[in-house]
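For reference, chains read A, B, C and D in written order, and residue numbers begin at 1 within each chain.
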Amino acid sequence: MKRRLHLGVRARLAGVTLLTMLALSACAQHAQSALHPAGPVSQAELGLMGFGFWIMLGVFVVVVAVLGYSLVRFRERRGDQGLPPQVEGNHRLEIAWTLIPIVLLALLIVPTFRATFALAQQQRGPGVVQVTVVGHQWWWEFDYPQLGIVTADEMHIPAGERVQLTLRSADVLHSFWVPALAGKEDTVPGQSNTMYLEAARPGLYPGQCAEFCGVSHSEMRFDVIAQTPSAFAAWVQARQHPDSTPATAQAVQGEKVFAQYGCGSCHTIDGTQFQGKVGPNLSGLGTRLTLAGASLQNTPKDLRLWVSDAHKIMPSTVMPNFSTMSSSDLHALSAYLEGLK
Amino acid sequence: MSAPEVRTLEATPVGPYRLPTPAENTKLGIWVWLASDCALFAALIATYVSMHGHVGHAPTPQQLFDLPLTATATFVLLLSSLTMGLGLEAAQHGEHQRLMRWLVVTMILGLAFVGLQAVEFTTYVHRGLTPDASNFGASFFTLVGFHGLHVTFGVAWLLSIFIFVVRKGPLGPRDLWRLEAASLYWYFVDVVWVVIFTVVYLLGKVS
Amino acid sequence: MAAAAERIGGLARGEDRSASAVWSWLTTVDHKRIGILYLFSSMIFFLFGGLEAFLMRLQLMRPDAHVVSFALFNQLFTMHGLTMIFLAVMPMSVGFINYMVPLLIGARDVAFPRLNALSFWLFLAGGLVLNSSWLLGGAPNAGWYNYAPINTGAVVHGVSLNPGSDTLGIDFYVIGLQLAGIGTLLSGINFVVTIINMRAPGMTPMRLPLFVWASLITSLIIVFAFPPFTINLVLLMIDRMFGTGFFDPARGGNALLWQQLFWVFGHPEVYILIMPAFGMISEVIPTFSRKPLFGYSSMVFALVVIAFMSFMVWSHHMFTVGMGPVVNSIFAATSMAIAVPTGVKIFNWLATMWGGRIRFTTSMLYAVAFIVCFVIGGMSGVMLAVPPADYQFNDSYFLVAHIHYVLIGGALMALFAAAYYWLPKITGRLLNERLGRWNFWLVFIGFNVTFFPMHFLGLMGMPRRVATYPANLGLGFWNTVSTVGVFILTAGIVVFLYNLKRSAQHGELAGPDPWDGRTLEWSLPSPVPEYNFAEIPLVRDRDPLFAEKVHGNGRLVPAQIAEAHAAEEHASAHPAGIHVPNPTILPFVVAVALTVTAFAAIFRVWPLAILGLLAAFFAIFRLMYDHDPGHYVQPEEGAR
Amino acid sequence: MGIGGPQLHTGPEPRPAGRAVGTTRVHLLVAILLAALTIVAFVSVGGHLLPVGWLIPLLLVLAAAQVCMQLLYYMRLKWDRRIFALLFGGGVALAVLIVLAVHAMLSL
């Protein structure tokens, strides 16, 4: 099966800035790495990881040096006789190696506390973009309550601004993780968690569910697309005024197929009679980069593959296999869905 | 390599050695087990206190709990502790008949407690509190039922001692630990009940 | 299985030749034979768990691979974790504790020999029930910690929370672990009593070998940590079988209740796995450095503090569930604090070697490797204790690396050290040192090549428990390296197995004291006779045998024996020989009855379940009241 | 250390197991006290005699007193080996801690 982030940039993706694409091609390898932070939250976390690491490395070097010296210096040699001095202890030494770790840990714990409280702060208010993230088996729903937008698989945020997240789950535990932007926070059914993140610059930051959530856990991915504030505003504008009218004859046929197969009982398409809530909201599907928990590239071909054989890509997904759908119906359906703007 | 310092080997002053008796081992074993059982009930009580707020559409504790019934059950169990103690004392004095009488009384009291609990449970179920009706129901039946199982097991244990005595004759000093072990368990079940009726019934009625 | 164990144990034991060999293993109450049973069966489970790991690494070697299906992969990592933790490492430690603790404290057996047999059979039954799930419709598939609510399999909006899985898989988890858990708990109680009550005269608390201290503390942790887990399993069982909603948020339950109760047990469980390793290392290093353990009192104190602290840190497994900065900070502080007593232990081991005369036996090599690997695991542990850093580390391969550095680099290296150190006492034959070196270097290199890259993988954004990963994240290289490491590690294990087999047949005879040992077990013949000590020794030093070798005439002084209150209950010297308990089949019967109950509960055949339970209770009461007259064994000439 | 095994006694033999320590008098006295405390507890709840703020601590104190009396006199911790009290006390302390901590964290 094809994976996302394939670099075949296509003209359809005009909704995403060219800059994003460039950033993507430049560092796709590190896009999901906690070692290449792209925002203040992940930067702060990396700072603490590093601080802890250097302290630990220091201790490790001491231990290994003492160990190595002992092994070489005090190894048994031919002709050794008698016993070495039977030293049973040394209170001063023992107190020393109790106190020194305490001091080192005290050094570590101060910034730890500070960062723990700082990262737990919340900001509400009209000026802060609020996103409600809902984990589903196996896709992510992103709601923008202030903006009246519901989307899936990709979260658009303005770069350089703090974004406040509320995390929920529709079924089991999931964990929301965009390594380059922020550490993870679990989505717990029956509970709302909060976190915030910020992308310092526009770019595409892949994320993934980090808490085991069932058979296709490994396919539960998503992208965070950070855009310049103006591009973000344009995206919001487009999403608030979705164009759901089929433009071609084939697309008109596709809309009928969509209705005929009952797709609308699970999926919502804004501005139509399709208002199902089980699966992802499909409004503006044509502008998205990926499909199906970001496990597929958004191409008409992959879309048809997904509709006809979803369980091959994502075993046990709620999405049924429409394997009996005729080829022409499939093509019509993909034309309709890819035409949603 | 310097020579090791010369020392004389002296044991800590010890008297003549004897192995621990089964009584000593068993009593310690029982105590360790009871300590572990504390953790068991602690986990159940933790579950109860964090779950009992969810009553759903089922009756609430305040609506259900019947203090006179609980008080009766409590006194029955309390009394059984006393009779257990009197039985143990009789055994220690070698008064075989008295021991057997107290054993029977204790078992009857234990069964009466379990019976009262069965009555209580059926009443609640009839009034709409089933284990799957609400999490108050689930955690209540689990916690109190678990204690009931402990009492039932205690009765079975006492019965086994009763049968042992019937078959092997009066409990001699060498077998007294069997009764002692069972009595520790019996008292412990009563101790746990004190905690349960306070946390579940009394506090449940209050708050 | 028992027959195969006989082949190893036949060297160890020779009595009861009239009865069939299998029967004698089924009925044994000798702590040494039970120890061998533990070691043997945990070894088999270890190979199973290893096979599961091997398949997972094959799947993850390349991106987008399809060696196994997603569903099978999830069962593999679940069963790998369960098997290694509950059925391999823990019982392997229990095996050594069983065999060695009575010898180390100068006792003839444990406090409750028949309970000991029951513990083993329940553990084995639990392990077999759990693994039978492979054949009976699919193994549990929600990870070894089996988080709620996916573990309830509840149906929400017409869809199962655990779709695509066999509905019974997690029932095997629930029932199998209860069974094994009861066995472990009984073991724990038995060893607490044994160590407190059964010590030879003069074996004061501050003269107990460190391994005995570690065993005592492990047992205490078991006693206090297993009950919350049992309750968790019971609640889940009620949820799954009787339709309650403890863990189902859709019905007012709380998914985090499982996590809380699980980690109240789960964190101490980690210390149950590593404590015996601390003890083993503390025996091996002094012996091969020819020095007493440095800072004995602080070592004991550190063990006690670690055990206590292990109950205070559990929520550091839950930094990302949204408990807020106050709770996270508290648990960060307690978690970091554990590093202090742990550091004390490390430095005391180093100081024990310092100034000694170190012999590089395979056992010692493993002890040194333990220090290096465990320090790495401990340090990544401190890094994980920093909540903001943990937001990145948690549930990533960094965590996978950490736990394997603790459990393989720590526990398993120590178990290997103990195997090379103590198996000669058990089999009577030394393991081959040349093969031992091959074994060591392959395991050491293979282990590090496998697990060190996982630190990088985690930081590069690879979550744990993913069945596959896309090619474009750049994770392929280190995953391939890791899988190559598994091949090396596997080769090392194979060499070990070969060494076991070869040495059991042709190994050099060990004699009573092959290492110039310091503690009581080296005063006994190898293998150890049924009654352990022909005469109970008088303990006159913290290193009793060593002190007698240096300051006395090299032999232990027998203790003065008091006249017993009731001669037959006392295993003291007796004109007719040494009193030992008789074998009995009843513990095995109890385990079989409870196994029937277990399967009946899994398949909801309630009458049969109750029948099995009654049969078990009947057998238990028989065990309690059947008078065991025991029998008398003549000590061999010159034994001791 | 409080864990001296029985074989380490050098003074008089430890009291042989099973010798009377709790007499009938002690048993009856304790039983009466326990019953009295129980009555106080039930009556104070049933009779609404106290404000809730006072009632809850009172109930907890009453329960603790009953538990202690049973442990000390019925279960003979007062006379038996110290290790029993040590192990059991440790268990209880841990149990209380688990209840409080789990409850606190789940009700966040």
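Convention: a contact is a pair of C-beta atoms (placed from the backbone, for glycine too) under 8 Å apart; a residue touches a chain by one contact, two chains touch by 3 or more.
Bear in mind that the values here come from a model prediction, so they are computed numbers and not experimental data.
Trainee: Select, from A-C and C-D, the pair of chains that is joined by more C-beta pairs in contact.
Mentor: So, comparing the two chain pairs, more contacts are at A-C.
Trainee: If you average all the Cα positions, which chain's own average lands nearest?
Mentor: Nearest to the common C-alpha centre lies chain C.
Trainee: Quick check: how many Å separate the C-alpha centres of subunit A and subunit B?
Mentor: One centre to the other, that is 51 Å.
Trainee: Approximately how many whole Å separate the CA-defined centres of subunit C and subunit D?
Mentor: Between these chains, centre-to-centre, one finds 34 Å.
Trainee: Residues of subunit A that contact two or more other chains, please.
Mentor: 80, 83-86
Trainee: Give me the residues of subunit B that touch two or more other chains.
Mentor: Answer for subunit B, listing residues that touch two or more other chains: 1, 4, 12, 14-15, 17-21, 24, 28, 32, 35-36, 39, 42-43, 46, 50.
Trainee: Please list all residues of subunit D that touch 2 or more other chains.
Mentor: Residues 5-8, 16, 83, 87, 90-91, 94, 98, 102, 106.
Trainee: Which residues of subunit C touch subunit A in their complex?
Mentor: Within the complex, subunit C touches subunit A at residues 64, 69-71, 74, 141-143, 147-150, 156-157, 159, 161-165, 249-250, 253-256, 289-298, 320-322, 324-325, 328-329, 332-333, 336-337, 339-340, 343-344, 346-348, 350-351, 353-360, 368, 371-372, 375-376, 379-380, 382-383, 386-396, 459-461, 463-474, 550.
Trainee: Mind pulling up the subunit B residues that touch subunit D in the complex?
Mentor: Touching subunit D from subunit B are residues 12-15, 17-21, 23-24, 27-28, 31-32, 34-36, 38-39, 41-43, 45-46, 49-50, 67, 70-71, 74-75, 78-79, 81-82, 85-86, 89, 91-93, 173, 176-177, 180, 184, 187-188, 190-191, 194-195, 198-199, 202-203, 205-207.
Trainee: Help me check something: in the complex, which residues belonging to subunit C touch subunit B?
Mentor: Within the complex, subunit C contacts subunit B at residues 111-112, 185, 188-190, 192-193, 196-198, 200-202, 204, 223-228, 230-232, 234-235, 238, 242-246, 251-254, 257, 260-261, 264, 357, 536, 538-541, 547-548, 550-552, 559-566, 569-572, 617, 621, 624-625.
Trainee: Give the list of subunit B residues in touch with subunit C in this complex.
Mentor: Within the complex, subunit B touches subunit C at residues 1, 4, 6-12, 14-22, 24-25, 28-29, 32-33, 35-37, 39-40, 42-44, 46-47, 50-51, 54, 56, 131-132, 134-135, 137-139, 142, 146, 156, 160, 164, 168, 174, 178.
Trainee: Considering the complex alone, what residue numbers of subunit D touch subunit C?
Mentor: Subunit D residues touching subunit C: 1, 3-8, 16, 83, 87, 90-91, 94, 97-98, 102, 105-106, 108.
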